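Order of writing sets the labels: A, B, C, D, E and F. Residues in every chain begin at 1.
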Amino acid sequence: MTHIRLITPVITEGIRKLDDIAFLKSPTLEFSHVLLATGPSSIECEFDEALAVPGVAARALEAEKDGADAVIIDCMGDPGLGVARELVSIPVLGPFESSAHLAAMMGHRFSVVTVLDSVRPMLENLATIYGVADKLASVRVIDVPVLELEARITEVQAALAKEAEQAVLHDHADTIILGCTGFLGCAEAIRAHLLAKGLDVPVIDPIPTTVCLAEAFVKAGLAQSKHCHPRPRPKPVAGYDF
Amino acid sequence: MTHIRLITPVITEGIRKLDDIAFLKSPTLEFSHVLLATGPSSIECEFDEALAVPGVAARALEAEKDGADAVIIDCMGDPGLGVARELVSIPVLGPFESSAHLAAMMGHRFSVVTVLDSVRPMLENLATIYGVADKLASVRVIDVPVLELEARITEVQAALAKEAEQAVLHDHADTIILGCTGFLGCAEAIRAHLLAKGLDVPVIDPIPTTVCLAEAFVKAGLAQSKHCHPRPRPKPVAGYDF
Amino acid sequence: MTHIRLITPVITEGIRKLDDIAFLKSPTLEFSHVLLATGPSSIECEFDEALAVPGVAARALEAEKDGADAVIIDCMGDPGLGVARELVSIPVLGPFESSAHLAAMMGHRFSVVTVLDSVRPMLENLATIYGVADKLASVRVIDVPVLELEARITEVQAALAKEAEQAVLHDHADTIILGCTGFLGCAEAIRAHLLAKGLDVPVIDPIPTTVCLAEAFVKAGLAQSKHCHPRPRPKPVAGYDF
Amino acid sequence: MTHIRLITPVITEGIRKLDDIAFLKSPTLEFSHVLLATGPSSIECEFDEALAVPGVAARALEAEKDGADAVIIDCMGDPGLGVARELVSIPVLGPFESSAHLAAMMGHRFSVVTVLDSVRPMLENLATIYGVADKLASVRVIDVPVLELEARITEVQAALAKEAEQAVLHDHADTIILGCTGFLGCAEAIRAHLLAKGLDVPVIDPIPTTVCLAEAFVKAGLAQSKHCHPRPRPKPVAGYDF
Amino acid sequence: MTHIRLITPVITEGIRKLDDIAFLKSPTLEFSHVLLATGPSSIECEFDEALAVPGVAARALEAEKDGADAVIIDCMGDPGLGVARELVSIPVLGPFESSAHLAAMMGHRFSVVTVLDSVRPMLENLATIYGVADKLASVRVIDVPVLELEARITEVQAALAKEAEQAVLHDHADTIILGCTGFLGCAEAIRAHLLAKGLDVPVIDPIPTTVCLAEAFVKAGLAQSKHCHPRPRPKPVAGYDF
Amino acid sequence: MTHIRLITPVITEGIRKLDDIAFLKSPTLEFSHVLLATGPSSIECEFDEALAVPGVAARALEAEKDGADAVIIDCMGDPGLGVARELVSIPVLGPFESSAHLAAMMGHRFSVVTVLDSVRPMLENLATIYGVADKLASVRVIDVPVLELEARITEVQAALAKEAEQAVLHDHADTIILGCTGFLGCAEAIRAHLLAKGLDVPVIDPIPTTVCLAEAFVKAGLAQSKHCHPRPRPKPVAGYDF
């Protein structure tokens, strides 16, 4: 039995349902899910991430203690990925890193379609650090505020589908990564829209994809290199319970 | 039940045993294995690969027809990877591409330790095309002819372990990819050698790792982009039964 | 007397005339030309290339045996370039590699105008492997099926000229490579169109250019590095006469 | 009068003296200095940085409120640089980013000599994100634990000087960045050692250099782009006083 | 007192006023200014630069002899930057190199807006050599001949502002470098235009920015690496007084 | 009849003999040769190059007026390459650019063996601008002053051969470019040394290679893009007869 712990790096109750990964449950795979005790209510900038990372660190330690086999940080900015990799020995995965590497295997160039223009520098920098910048065709955005997404979901899906189509036609992307976690049905809607336009382009839904990849790490007996991510030495700290 | 077909792209009976992936068998995962009907007896250069690829193409078509859920090309040069991706819709994976992307996620830089100096250009070019060249610290070789490997396995393991150690100490690798498929025990021996030197460095055994990744593709419902790898149009061909 | 052998890597009689290089014949330069005995009828994807390469290998060996001084593989995908370089010691050239390096010397950025969208990944990957990706401004296509080109040649020339103009004006190309071999007059037509628009941009016709470069290799006494491309060791092979 | 606020991103009293920048004080330039109220006692890994960043954020906001003209984060990992740039409009500088860009202007390649092997990935990643990876010849380390540095300062200086010499002779560096802030005299000692070996190589002492660059930003009326680093929108937060 | 010598690398009297840097004068900073005795009347191509560089060399030597603390070459092509760095030991700065590195620190991507299409290759090559090519979003031009600029200054400012806006909206630039030295008010006009469009994007005016950076070099005791830029050995020369 | 003009960009009589290209003379190929009227006596740094370029410009104009079909600048720094390309319409070639692009076609990585450490930055920057930096394995030097080369030719050949061998064994080069023009026999000596060590590595002698490539440009009807290298507009100049 492989047990995967999802850490949604915000404090907002109800923001995360597990419906999108329910189909992956099996006699050999189970999930658990936590929010943060301290941190931001949503993540839209580097400051939000900074407030989330100490909480992610605590949740990663807790996951290992609870016997989880792998940890997934449920946010496309992968906040705290390196930190959690230092703190634990079980594999820690982020959905953008995971999606980007699988997308790099699936075609020649991939694009990310997401909600806000302000995340472009972050995603481009991460793609560079992850080593896959040459495979990133573009980051395209629909410019809808995060808090309005749920209420305007039909409009959002249409806009994402249109940007995905533009990414294929104008940026020469052949694979699409959905750049927002937690919106049910978007991947299918974009895929269907592209197929209807004659574009047989896969759309990566980040969280289910990362769950499957995390299970692969566990089965293969692999995890982050502790030579690269050594466990921090104990030292005095003020303001945190570590 | 996920069914994975391994294609070993040579004609040599007995060169491939499935012992290294036996531990992955489960009620939900089964393997099948084929050699080529036409092709080389081993793969050591581009010419060998060229003679293997039409045979890999035939075996990939056959695998899809047989109902396999994914195909793995069992050679670190990933011969015929792009060709097979054109011919079928089920995911096709190569062990070098798979290992390189997972290694890129596991640390800052990875090295490949392998047997022959002549494969360096090929592996470096593949790493570039796969988009992970920035993560490749080095390709290190032990310079033992392929046909002598089995007879000199103890010496080979020691040499691979020594090169892996050099890769960590001098090339700043923190993750090692084993650059030869099919040698039982090498990954464990290298890992143990490095740990004994105080270097907590993971060693990727390519075939079991690729099997786990292939299963992840199948579970996540992903495969190569057919927009990037469209199915070839039928046309007259001489000398092949396609 | 320098003798250059052109290998057109398809089986289709009549597809190749030598009119475009007739002006290069001289008392010191002669050509010969062969098609393949086994292979595809045209080359439009990686699968077609895979079926061509064993035939190219046979023709390269034959060319060296026949006393040719250099070999040119007459296809912009350069299929079998590395393989032929392993098999023989005389220089082997491909028209895309040759054109790309000369274009890189002629200006700041070059574009390729060609017929089909599906060759973009292949050309971009080759440019990367050849080391000139930074000089490639764009690959632009006219989206006309190969088999309709001859019948629609006037339309094709106009479309290529228009894409070349767009490459100069929008992608900042200053040199154009014609991405289809064997269409008489296209290079001149594109060059004239650009000049008429006030754009003094050279257009590289790949095969005559590659012939001149092959002669330069022969005169300078240079060929591929056999240290990089060592001759394959003999070994059992099934299905091929090597 | 330009007022520069140094934020030393740890909680440890006495770790930072201002002797190394005292020579820069003038009727037009003054400094102030703060430690963190919450955070780690030293910074040696990503986890330490994560605990520092919320404290840096608070200190950056305070600096702007106090009327400082610029902020410097006093650590070679530049922790919180992007976060502080979001929160305030006055220029925020980090010593590694500043030193790397000046070094890039001073020669062909620069090396960083620092104390611990574990910071190599971080410094290499930062150089990549900062856009100057092509100018980084090497990161060289002396492998002395941070807490032993002060007690072994003579040995440390000698080791740094030796690594700097190796960087020039073997890695072709022509400019050296001192990769530890706060060690008085190291830059001069390394420079003198290199000169004695006939190597006229400048050595960048990060904090004084960053102070001078911060003053240049203020004088030129420049600061981080708020289009790139927009001020975070207010939202509920748990566990922090923002 | 820091004394900065500006060398305007042309022979044309009156082309350079110091109004744009007058605000930087202080009891501790003074400027002097020279034109060339031999060279071109303006710089618009590589040939013009070639005729300027020997004159720049003479003026750099003279500046050091006159006791200047730093030299600035007043042209966005930075002509003679490497040459002057060989000849003298005081810091030599060029406005494009200086602006590009500061812009790289200020945001994710910068664009240069300038007057002539023909300078794009030069600026892109310099950005590559300077190591900041990854940070250059685009070079945009207004296509107005240099000699008509002064007479059409209102039109020029409007065109530059429009291109800057396009660079932000379409090329994802967040920082703008003004690619023409000596046009008073352009930086402010572009900045104001962008702010009016809701784009809080800094605009770098190259010469005042480079003056401030030169002063920072002097204060920090830094200059070009003489290991990289060694003083030329004396040798016979024809046609020049060196 | 193709007429190629060699411009040796120094003033020193007797430094250039044409023995190394005598074997290329034929009924269809002739050479002429000039030195500079103004310029340096040798080229060892950027300052020397700056003094040579105006003289190269004059000689390039003269060559075109004299009816030459192509111009070669006889120095591995390619001084004035871009300038001469602006001034004339006949092809202008430099030996480093030419050798680097041919070497890039011949193998996976090439190394340059040359005389002085101080040219490394220049050669590396040129390789980057030429677009072939990824193919450059290393620049290796023997550290013998230029003026002592002729007297110590046996020692020089041995040292170059040894560095070439090191480049193959340690830097993984498979092709060698001789980085000094005009030393008769060095290419053959290095090639023979490498063969004797079992290394079948081609050695490019830059000037004969560039002559052959220049002839290829002429035959193919190609030259530099005048869109990239437009002819300078006439304007007042002081100190030069242009």
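Here, contacts are C-beta pairs under 8 Å (C-beta built on N, C-alpha and C of every residue); 3 or more make two chains touch, one makes a residue touch a chain.
On a predicted model such as this, the values are computed, not experimentally measured, just so you know.
Q: For the chain pairs C-F and D-F, which is connected through the larger number of C-beta pairs in contact?
A: C-F
Q: Taking A-B as the reference interface, identify its repeat among E-F, B-F or C-F, namely the pair sharing over half of the contact pairs by residue number.
A: Among E-F, B-F or C-F, the interface that shares over half of its contact pairs with A-B is C-F.
Q: Any idea how many Å lie between the Cα centroids of subunit D and subunit E?
A: The computed centroid separation for subunit D versus subunit E comes out at 27 Å.
Q: What is the distance, in whole Å, between the centres of subunit C and subunit E, each centre taken as the mean of its C-alpha atoms?
A: That gives a centre separation of 43 Å.
Q: Averaging over Cα atoms per chain, report the distance between subunit A and subunit F in Å.
A: Roughly 52 Å, centre to centre.
Q: Give the residues of subunit D that touch two or more other chains, as numbers and ranges in rising order.
A: 107-108, 121, 125, 128, 134, 174, 228-230
Q: Which pairs of chains touch each other in this structure?
A: Here the touching chain pairs work out to A-B, A-C, A-D, A-E, B-C, B-D, B-F, C-E, C-F, D-E, D-F, E-F.
Q: Quick one: in the complex, what on subunit B touches subunit A?
A: 24, 26, 28, 93, 97-98, 101-102, 104-108, 130-135, 168, 174-175, 199-202, 204, 208-209, 211-213, 215-217, 219-220, 222-230
Q: Would you tell me which residues of subunit E are touching subunit A in their complex?
A: Subunit E residues touching subunit A: 107-108, 134, 172, 174.
Q: Where on subunit A does subunit E make contact in their complex?
A: That would be residues 120-121, 124-125, 128 of subunit A.
Q: Show which residues of subunit B lie in contact with subunit C when the two form their complex.
A: These residues of subunit B touch subunit C: 11-12, 36-42, 44-51, 53-55, 57, 80, 82-83, 86-87, 118, 121, 125, 128-129, 228-230, 232-233, 235-240, 242.
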